Each structure stands twice: as C-alpha cells, then as structure tokens.
Amino acid sequence: MILALLLAVPLSACAACAVSAVSAVSRRRSVLEAVNVTAFAITFLLALAVASQVLRSGAISLWNGFLYADALSALVILLNAAVALVCSVYAVGYLREDQRLGALDGEVGSHGAEAKLRMYYSLTPLLVFSMLLVTLANNLGVMWAAIELTTLASVFLVTFYGKVTSLEAAWKYAMIGGVGLSMALFGTLLTYYAGHKFPGSEGVAGLNWSILVGQAAQLDKPSMRMAFILVLLGYGTKAGLAPMHTWKPDAYSEAPVPSAAILSVAVLNCAIYGLVRFYVLTSRCLGAQYPGSLLLLLGLFSMGIAVPFVLVQKNFRRMLAYSTIDQAGMMVTALGIGGKLAAFALMLHMTFHTVAKSLLFLSAGNIYQCFKTDLFLKLKGGVLKVLPITGAAFCLGTMAIVGLPPFSLFQSEFLMIRAAFGTAHFLVGALFILFGLGVFTGVTLHVSGMLLGTSEEPRAAWHPWRDTPIAILAVILIVIGFWLPADLLELIRRAAEVVSP
Amino acid sequence: MHTLQDPEFGNKMVTLMAALVLVLQIAMVAQRWIVTNIRLFAAQSFLLAAIANTIAYYNHAPHIYVAAVLTLLAKGILVPIVLERLVARIEIRQEIEPIVNIPLSIVISGGLTLVGYVLAEPFYRPEEAPGAATLGHNALAVAISLFLIGFFMMINRRKALTQVLALLCLENGLFLAAISLTYGMPLIVELGVLFDVLVAVMVLGILVYRIRETFESMDVSRMRRLRG
Amino acid sequence: MISTATAVFLTAVVQLLLLLTVAPLVGGLIKTLKARLQVRRGPGILQPYRDLHKLFRKGMVLPETASWIFSATPYVVFSATAIAGLMIPMISAKAPLGLFGGVLAVVYLLGLGRFFLALAGLDTGSSFGGLGSSREMTIAALAEPAMMLAVFTVAIGANSTSLSEIARVATSTTWHFLAPAQMLAFAALFIVLIAETGRIPVDNPATHLELTMIHEAMILEYSGPYLGLIEWGASIKQLLLMTLLINAFLPFGLRAAWSLGGLLVSLAYLLLKLLVLAVSIVLVETANAKMRFFRVPDLLAMAFTLAALGLVSTFLF
C-alpha cells in the first residue's frame, strides 16, 4: 500500500502542475512551488516509512510482486527522496532569483518565464516518479522503461534556459542516452531469453528480479554473458561511465542547478542500482569473476578519464560533472571488486556521495547566480569573502568529495581500497589511489583558487530558500563523518547483503 | 489451403520477410531523401508487424498478435505521420553527404549484416526446437544486423532527423529480436517500450524543430560549442 | 520421332530465329508502353523493324581516323550477343548451346561486346565517343561484379554454372523462389538489367544530349548497316538479359521435352513472362527520373551489396 502511495504522490504533483495553466489562481508561481515542496516532503516521509518497514519485516511487495522493495531499493529510495526534497526547497529560491535576473527569458523559442516555471515544476515530479519506479519495479523490463522515462523527462530540463548550448547538450544527452538504453534493452531481452530458452514464456514473472535471482544458477550462460556486456554499456551510459560519458559535462552545466543536482545524484543512484541488480544476477549465474572484471575495467577507465579533464578544467560546473564521472567509476570499481567489504563500501559511498555531491551542486548554483559566470578565469577568487556560508559549504563539499579525512567519503574510499588489497586486486588498488590523487590535485587547485583571495563584489545577503538547504546539508555532511544513525547503518548493511550475501 | 497450414511455408515466408526488412534497411542507408527514409521506415514497421503475425499464427502464440497490432499502429502509422509533419515544418528534404560516402556505407552495412549473423550463431540450436530454431537464427540475425546498421547510420549521418530515424531502426531491430528469441516480452514490458518510443519521438521531434530554428540547419556537426 | 541431335539442332535454329525476330519487338513494346503511360501515342510496336530495314538500306559514312576496330565492332557485338543468346534456355529447359562455363561464358561474351564497343567509341577520336566509353566502363566496373555475384548465387543453389541445370533445379524445388538468396539475387539482377540495357534511371535511351547519354555516345559515329547491326545487337542483349532473369528464377512453364507441343507451350509462357517484365521495366522507367551520373554508383553499390548478401545467404539461411 505504502509503495503505491510513494509512486502516486509525485505523479499527482506532476499532473497538478501540468494542468495548473487552466486557471489564473493556480497559475501563480507560489502555488506551483507549494505543490512541489509539499509533495516532496510527503514523499520523503513515505520513504522513511518504507525504509523502517523494510528494516522491520524484510522485503515488501505489492500487486503480486509487481512492486518490490528490499533493503537496496529502500536505501536508494530514501536517498533519492531526500535529494528531491532538498533540491525542491532550493529550487524555489534559485528560480525566483533567475526570474528576477531575467535569465528565464531565453534566447531561443521564448516561452515566457511562467511557462518555463510550469514546465520545471511539472517535469521534476515526473522525473522523481520515474526514479522511484526504477527502484520499486520488480520486472526488469519495467525498470528499463522507467530509466528511459528519466531520460525523456529530463531532456527538457536540460534545455530549460533555451540557450544555443543547451540545445546542443540536450541533443547529445538524448542521443547518447537513447543509444545506450537501447543496448540495455537488448541486454534485458537477452536476460529474459536466458531465463526462458524455449519460446512460450510465463509472462510477467519471467523478468521479475526476485524470481530470477532464485533461479540464477540455471540461467543460460552464453546469453547472460552477452546480456551483461550490453546492460553494462547501456546503464553505464546512463551512469556516465567512460567512454560513454561525453554527455555528462554538457548536460550538467546547462541544466538549472537543482535539476543538475538531481540528475547527478539521484539518477546516478538509479543507474548504479540497475547495474547492481544485473551484477547480482550475473555473478550468481557465471561467478563473480566475469562481471567483476568488466566492471573494474570500465570503473577504472572512468576514474582515469576524469583526471586530465579535471586538471585542465575551466568551468567549475563541468568540473563537478567530471567529479561525478570519477565517483561513478569509483562505485562501479567497488562493485567489481566484489565481496562483502566492497559491497558495504559501495553502499556507504552511495550514501555519502549523495550528501556531498548535492551540497556541491547547490553551492555551485549559488556561486553561479551571484557571480553570473561559471568560468574559473572570470571568478578570480574571493568566493569565501562574498558568500561566506556558500563558500564554506563548497569548501567542505570539495574536501569531502576528494576523500580527505575526516569526511565520510574518505572512510568509504578507504574501505574500498582495503577491499581491493584484501581480495588481491593490487593493481586495482594502486590505480584507485593514483587516480584519486589526480582528481584531488585538480579539484583542490581549482577550488582553492576560486574560494580564497579577495573580490570586488559586495558581501551577499542571506537568502532563506537557497541557503538553508545548503547549511543543513553541510551540517549533515560533517555529522555523518563521525556518526550514522543506527537504523541507517543497518539499512546500508542489509543493502550490501543483497549484493553480496 | 494446405500450403497455409504447412509450417515450412511459414518459415520461408518469415525468412523472406526478414530478408526484405534487411533490404529496406540498406535502402535507408543508401537513400538521401528524408521523406523516402521515413516511408521506408514505415514499410519496415509494417513488415515487422507481419512477421510477428506470421510467427504468432504458426506457433500458436496469440499474445504476439497484440504486440504486432501495437507496433503497426505506433511505428507503422503514428510515428511516420509525426515525422512527416515535422519534415513539412522544417522544410529540409535532403540529407547532405554523410561522413562515409554512400557506396562505401552500403558495403559497410553489408559487412555489418555478416557480423550480425556471426553474433546470432550461438543462438542457433537446432537440437532443441527444430522449427523455431531456424526461425530464430534468421530473424535474430536480421535483428542484430538492423541494430548494428542503425548504430552505424547514427554515427554516419549528420542531419538530426535522420539520427532520430536511426534510433527508431535500432528499436525495430530490438522488437524483431524480441519476437524471434522469446516470442515477444511480457506485454507490460512491450507496452512500456512502445510508450517510451512514442514519447521519445515526441521529445526528439520537438528538439529537432528547435535545433532547426536555432542553427538554421539540422546539421549536428555544427553543434560544437561545448568541449572539454 | 526425330533423333536428339537433330532436335537440338532444330531448337538451336528456332531459338536463333526467335532471338533475332523477337528482340526488336520487345524494344518496340517497351517504347510504346512508355509512350502510352505518358499519354502519347508512341511510334508503334513494329517501328524497330522499320528502323532496321531503313538502316540496312542506307549508305555508310566512316570516320577517317577510325581503324579496323571501328569496322569490326558491329560484327563482334552482334555475334557475341547472338551466341550468348543461344546459351540461355528460352523455349526449352536445355539450352541449345552449352559452352564451357555456362552462365559465366554468357557474362564474358557480353563483356566482350562491351569491350569492343568502348574501344570503338574511343576509336572515332570524337569527344563524345570518349565520354561515352569512360561512362560505360565506370558503370560496367560496378555492374559486372554485381551480375557475377548474383549469377554465382543462383549457380551455388544449383551446384552448377550450366544454365540448364540452374533452370532444372529451380523447377524441381517447391517454393524455390521464396528463398532469400533467390530474392536478393533477383533484385540485384533487376538493377543490373536496368544498368546494362541503358534504361532510366541509369541512362536515357531516347536522348542525344551530352549530359545524359552513355550508350548513345559510344555509337554516335555509326551509320547505315553498322548502326543497324549494333542496334540489333543491343536489343538482342536486352532480350537475353530479360530471359536470363525470367528463366533462372521463375522457370515454371519451361518444358524439358523436345516435342513440338512442349516448345509451343514454353514459348507461350516465355512471351507472357516477357510481357510482365517489360511492363515492370516501363513502370520503373516512368516512375523515376534519370539519376545524375555520380549517383549511379550508389545504385550499383546497392545492387552489389544485395548480390553479395544473396550469395552469403546461401550459406547462412
């Protein structure tokens, strides 16, 4: 029941905002904002309820196994709902500022600021709905359809500002995403075939993950081999693994900041979730060696590709995108290393990354709006003086994301390295440290140049809508470096058990 | 009437139609007029629906009929109408010279067909189910070839609208693969996929229109501002 | 009744007569049908006979700079196509002449004719001739491999390059023409037919404009009986290729017996199928515009790929 509610809330918010054009009263910006924020608040509470129920009674399912939530789903749902809530609060302030600055009028095909706001406030709940469907769907085919829906829902979010570059970014996103997801569909089809070699199948249950997992040892091996490669390439495109990552920097720098945050964190979580589900199936069918080595290859390659691009980066929003590529590579590497410790490290990393990356994106949004540029050259430094809270938050986020102790990401990365050396993946561990150092150098260099020093801009005022979420996230980031609530830790542990029992 | 009941005849018809689908795909690679490409795609979707129907008839699998009818309506009729309207609004009728010239791309498509056959080889297991096996082999090989040729078309062509068509051909290949391997996927999945295809066409159509407005052409190689 | 050797000889004579007499008729039929489709009256089906009659009675003018090739070409072209025509099963499933190599010999004989024609075009020293020859060779470079591959496809299906064998196998297998290899080879050969006989969209047989002619450019300097021989040879080649297409792929109605009744039945079926093929050629010509010369390789590359796929599919399907 609760699962159905969880899906229904964002969907109805989307519908409500989409049809809000009908009357002048409902057309007001405040109505749209209120609907969004309340919807996401309710979604977050429902996510908490789902998580506690899963903790208490194990996996829950609805509609004859159509919707299914185990610990892994519950964790991802919780993280995504939190991000959605925080970003929706931030979006209120961000978009109001944009409207004030006139950034919503756009160069191409001017829709008017009101229509644009309506589009944003309808598409974002739709995006969240599809992300929730990804994690709740038991049927792998429906999961695929939901991931495709996230792409389609976010295309127009990328073209939001209507600039020439936005169109280019959106086209790349749509095309590369489309091709990647077609490959993933092929992989899903092959998985279905592996489960039912003989035509004349049993219908919906044939693609249900919970059922396939049980029969994994009897799946047809050659088909699963090809299926995993295709799914890895497909969902890896969505996660932004190299060499399919080229759409990421463009899309993240062109989309409005709250959308970029959701895309970068929540959609990434969903893509990793998809990869994890298929990894579990494949490793139980073919053994952990085969999928593991493929994952390691792509993960390390992504981490490696991020290093040069971060070092020579000129644009801090694109730098964040490359950092996301690096983090995705890290998570995939952890998945590839295999074993209990690595799985636990992966889940921890996912949680910590959610907090840190959203903090980074939101503070970057503040900086962008204040200075009206995202190039390092034009910023010249002094962000800490002009925007003390934002600057401090950005600094914290950066230190966390590069893996400095005592922040949380250091712990999860350390666990990953330990797992690598523990399972005799020495080269993997060494490369991991090397690439981590590279990204650390690049990011610290750029960010310190940006934050320190002086600037002619006056000190900015406190903006409640925009700065509160940043402050809260910063506090959470510091706290989770030292302490996690016991329930959350248990949820993370159970989620890791799904991956590697 | 006796001929119509003979499964051998059914196999031959399906093989023939699969070959025709392949020919249409290669014709799309060779073709420069966008409207003709759209119509070739419509014809290809019709043929796919026909193949699905034939397989459903000869293998007594009625749930494929639904998928076949849906494909016919969505990809055979609706999508081509949407795309042709878009072409009418955009007023660009011809493709510019692709990156690899046309005779060479045709030969490459032929090569990709062979690759498709090689990839379909592991699925050819005549000892398990004789009739369905040959069916699976031919149709699956054509499906994989369609997939690869669509992919190639996407890299090779420079007009945004043709890239959308190439993506749709990719999906066609997947549909054929689904039909030949597993008699289609569960209905809910087919519905989801078709829904996604339709929405994707809408979204991409709007994008193409806006690209045309902005860049005064649909040449995607002109979109080079974002780098690094 | 009659001994086999005499029967074969008689069939050869009959086939030769058929080739010589029916060929211009087919040409005239296509022209008239095309005219009717374009809402004109057209020159009439028997016009090619009148043209040939006129040409053989006229005087000839030879270029001063031409060598013996110019004089030899009409004879070579005519005899090569006639001999090749005798190798195709037209009215009986066993072709009267069976040279070593079967269908390959047919292709090479046609190639011989084309070779001499191209040389003759160059021989005149006029720029039109050279232009026509170079264009013809370009098309040949693409069309001949396609034709070869299509022919190999059928030959592999019958395990022999002898056309009689090919026709026999085609009649004996049920639904033989439904096999993808056959269909693909048929499509490829149809495109090659259009290219070799110089029809729209490859070449316009009715034009003498510099931009648009290929075959006409090579024979521009010919006149009188020489021109008559070359035109006749061209129409025999057209009939030959059409019969090859028909009887290698759809040979139903072809009788193997040497009896008079059998021959008449085969003849009737042949004329019917020729009519259908002529109508399809006319439809293709009317529905399309002539392609720019630089686009012709696209079409022929497609024929080549279809033929290659057909060949490969004999192993795979």
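Read from first to last, the chains carry the letters A, B and C; within each, the first residue is number 1.
Just so we're on the same page, contacts are C-beta pairs under 8 Å (C-beta built on N, C-alpha and C of every residue); 3 or more make two chains touch, one makes a residue touch a chain.
Being a predicted model, the structure only gives us computed values, none of them experimental.
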Task: Pairwise touch network: line, ring, star, complete, or other - done: line
TODO: Considering only C-beta pairs in contact, identify the chain pair with the most of them.
DONE: A-B
Open item on the list: Taking the mean of the C-alpha atoms as each chain's centre, how many Å separate subunit B from subunit C?
Closed with: 36
Open item on the list: Centroid from C-alpha atoms only, then distance subunit A to subunit B, rounded to Å. What do you get?
Closed with: 32
TODO: Starting from the mean Cα coordinates of subunit A and subunit C, work out the distance between those two points in Å.
DONE: 66
Open item on the list: Give the list of subunit B residues in touch with subunit C in this complex.
Closed with: 8-9, 12-13, 15-16, 18-20, 22-23, 26-27, 30, 102-104, 106-107, 109-110, 113-114, 117, 138, 141
TODO: Could you please specify the touching residues of subunit B with respect to subunit A in the complex?
DONE: 59, 61, 122-123, 128-129, 132, 147, 151, 154, 160, 163, 167, 170-171, 174, 177-178, 181-183, 185-189, 192-193, 195-196, 199-200, 203-204, 206-207, 210-211, 213-215, 220, 223-226, 228
Task: Residue numbers on subunit C that touch subunit B, as the complex places them - done: 175, 178-180, 183-184, 187, 297-302, 304-306, 308-309, 312-313, 316-317
TODO: Note which residues of subunit A are touching subunit B in the complex, please.
DONE: 108-109, 139, 141-142, 144-145, 148-149, 152, 155-156, 159, 164-165, 167-172, 174-175, 178-179, 182, 185-186, 189-190, 192-193, 196-201, 203-204, 206-207, 222-223, 249-250, 253-254, 309, 312-315, 318
